[in-house]
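Just passing along the structure, written as structure tokens.
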Amino acid sequence: MADILAGLVGTFFIVSVLSMLWKDNIVFRFGQACIIGASMAHYCFMNTQMVFTQGVIPLSQGKLTLVFPLLLGLLLYSRLNKDIAWLARYPTNFLIGVGSGLMIAGTLRGQIIDQVKQTIVDLFAGFASESPLDALNGVIILVGVITSLSFFIFTKEHKGAFGYITKIGRVFLMISLGANFAGELVWYLTQMIGRLMYILNQLIWPLLGMA
Amino acid sequence: MATIQREIPKALLIISGVVMLLAFFLTFDIFTELKATLSSWTVLLSAISVWLGPVYAVNAQLMNYSRKKTTANLIYLIVPILFFVLFFGVALFSPGDISSASYQWLYIHIYQNVGATVYAVMFFTLASSAYRTMRMSSIEAVALAFGGVFSAMRSIPIFTYYFPWITGLGDWILLVPNVAGGRGAVIAAALGAIVVGIRTLAGKETTIQETS
Amino acid sequence: MSSQIRAKWTKRYQIMWVACLILMFIPLIHPLGLPTPVSKQVKDYYNTIKNLPEGSIVAVSFGASATLLDEQEAQFLATWKILFETKQKVIFFSTTEDGPMVLNMNLNKVKPESYGYVYGEDYVRLGYAFLGEAGQAAFSENIRSVYTSDFYGTNLNNIPLMKDINSFEDIDLLIYEYTSCTDIEWAVRQWVVAHNTPTIATTLGCCGPMAAPYYPTQVQGFLSGSVAGTELEIISGNPGPGAAISDASNLGIIPFFIAILHTNVEYFMQRRKEK
């Protein structure tokens, strides 16, 4: 009985969100409002617990340097008052500084040098391979990288010969987007199947005595 | 006053960023220690700020309701607060907090269902978009359709079973033209990110100055 | 858009949606049981774990979301089973708020104790921390700068497995699970580039194409979507939820392809008429 009740509650919420396909309605808005409250509660609880276990408790046990991040974090709440909102610049700028520094260092090698290196390696490995298809793939990757990179040059007008190069780049980027689109479509399909399986396993089969 | 309000925070940004950069290129212990310490501070700092979310959300809904007193706006105001109190209360007062049976019940049958169904609904809207986006009116649209259709078929067993060549084609699309296009985008985005990062550390990025 | 055209499109969409729903239901009642071929990146993902010497330290950066479990549960369960079968020492740390809950559900299903695993000696759960890129950097340099205790509140120094483990130097493999497509860059920048840590990734289907440029040199293998989870189940011989979901997806997508065919036939006929 408790399982069927759980199935009923779950099915109600699934149907409430699905009703959006018919039209925007009060039941959908109710479901939407529920998840806003539930997710806020979950995130607030988990983060507050984390602050206590990894911040306040170690601080009380002698790790005094934790005073700085705890104070900086509290300064963020000064945004709620216009007169002292400038205090929030301290933690914000600290976050931006640390993030930027970490990002620049890793990006140079990880996303530029290594990617260019891999493109050239793919080309030479392709030609060194026995299969002519590997060589062709290496050439396609090289052409694709150069042309799609040139698409992002906005300081020169995409006209004439350069226009043809960027057009080829656009084709490669659209194939990439298509692959992304397919991934999303199958992902959402899987999500829908998951909800149908929930309705079957938690409500329909137990009601029919086939659990 | 300008010094405390703008210059010192700017200096904090520059110093923390430069320390992170130096820690990457110099192998002295002091920089490694500083990198670990300052990075770990961002974890706590970010976690503390989470309560700004509910404050802003409730404030926004209150203002919305006071502007337009409709049933929908009332639901948007009251229901999130109710469910916030329910979930937070159960997590706080149940033995075992989030691992308790009662919280797990709420989590699986309400939170997980609504969240998952929001994504599930997008299947229908995305599938409908096939009518518009997959119309082969240009070479770019053909490329989009080519990448999309065969990549989708590769993920569905019925197509790979009855048309085995789709397996090879789908894998080829992912690992050759997709990588070609994706790599170009990665390099371009990385170049842009480095420029913005350096401008930020030099204190020249105006968007940071305006929003912080 | 005129109301007539809008009505025509709405009717078209609704027919498609109903067709999709009905076709999705059929394999759930009557499974088709079609095989799934295994792709190269999944084979590499599997082999990277299999080739680890027994007792290697594997850190799992777990950025899962409970609302995306339909897409990823097969990946998780198959991965944990492979790790436990090959007797690796596993350190789970959650980077999202949902992570601990999802791990609770996963480990209740996989049951590490059934593989002879003892908590604290063979595997450890460090719980949740708000780890963005900076957090990953901090964790890789000094685990104790982020976590002082595990998920159950035990000090790390009192956990046998964690006694001699404190940074990237002690970690043999990173399994990076993420749901936001650009997050793979964090692992590449803060683990691979910074410390040369061998890394494999698990993510959503739509994020796979964005992870592909980093494969195979920076990320040795990756799983993207429920299909990859099914493929991992097949290659590792561990049946799980992926097979049922893959099977059910067989028919539900067919209206999508029919729609593409329909719209293009309509478009080309329209163009011919105009000419």
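Each chain carries a letter (A, B and C) given by its place in the written order, and its residues are counted from 1.
Basically, contacts are C-beta pairs under 8 Å (C-beta built on N, C-alpha and C of every residue); 3 or more make two chains touch, one makes a residue touch a chain.
Note that this is a predicted model, so its numbers are computed, not measured.
**Q** Is the chain-to-chain touch network here best called a line, a ring, a star, complete, or other?
**A** Contact pattern: complete, every chain touching every other.
**Q** By Cα centroids, which chain is closest to the centre of the whole protein?
**A** That would be chain A.
**Q** In whole angstrom, what separates the CA-based centres of chain A and chain C?
**A** So the centre of chain A lies 12 Å away from the centre of chain C.
**Q** Using mean CA coordinates as chain centres, what's the gap between chain B and chain C in Å?
**A** One centre to the other, that is 16 Å.
**Q** So how far apart, in whole Å, are chain A and chain B when each is placed at the average of its C-alpha atoms?
**A** Roughly 4 Å separates the two chain centres.
**Q** Could you check chain A for residues that touch two or more other chains and list them?
**A** Those would be 21, 42-43, 46-47, 49-50, 54, 95, 98-99, 102-103, 105-107, 111, 115, 118, 176, 179, 181-187, 189, 191-192, 194-195.
**Q** Considering chain B alone, which of its residues make contact with at least two other chains?
**A** In chain B, the residues touching two or more other chains are 24, 37-40, 42-44, 46-47, 98, 107-108, 111, 115-116, 118-119, 123-124, 127, 145, 149, 151-152, 155-156, 174, 178-179, 182-183, 186.
**Q** Note the residues in chain C that touch 2 or more other chains, in rising order.
**A** Each of 17, 68-70, 100, 129-130, 132, 134, 137, 146, 194, 205, 208-210, 213, 225, 227, 249, 253, 256 in chain C touches at least two other chains.
**Q** Can you name the residues of chain B that touch chain A in the complex?
**A** 5-6, 8-10, 12-21, 23-25, 37-55, 57, 71-72, 75-76, 79-88, 91-92, 97-98, 105-111, 113-124, 126-127, 133, 139-141, 143-152, 154-156, 172-174, 176-191, 193-194, 197-198, 200-201, 208, 212
**Q** Which positions of chain C touch chain B when the two form their complex?
**A** Against chain B, the touching part of chain C is residues 9, 12-13, 16-17, 20, 32, 34-37, 39-41, 65-70, 100-101, 104-105, 129-132, 134-135, 137-138, 141-142, 145-146, 194, 205, 208-210, 212-213, 215, 225, 227, 246-247, 249-251, 253, 255-257, 259-260, 262-264, 267.
**Q** Which chain C residues qualify as touching chain A in the complex?
**A** 17, 24-25, 28, 68-71, 97-98, 100, 127-130, 132-134, 137, 146-149, 153, 185, 188-190, 192-194, 204-210, 213, 217-218, 224-227, 244-245, 248-249, 252-253, 256
**Q** Where on chain A does chain B make contact in their complex?
**A** My answer: residues 6, 9-10, 13-14, 16-18, 20-21, 26, 29-51, 54-55, 65-66, 68-70, 72-74, 76-77, 79-80, 86, 88-108, 111-112, 115-116, 118-119, 137, 140-149, 151-152, 167, 169-179, 181-189, 191-192, 194-195, 198.
**Q** Give every residue of chain B touching chain C within the complex, in rising order.
**A** Of all residues in chain B, those touching chain C are 24, 32-33, 35-40, 42-44, 46-47, 98-99, 104, 107-108, 111-112, 115-116, 118-119, 123-124, 127-128, 130-132, 134-137, 145, 149, 151-153, 155-158, 160-161, 164, 167, 171, 174-175, 178-179, 182-183, 186.
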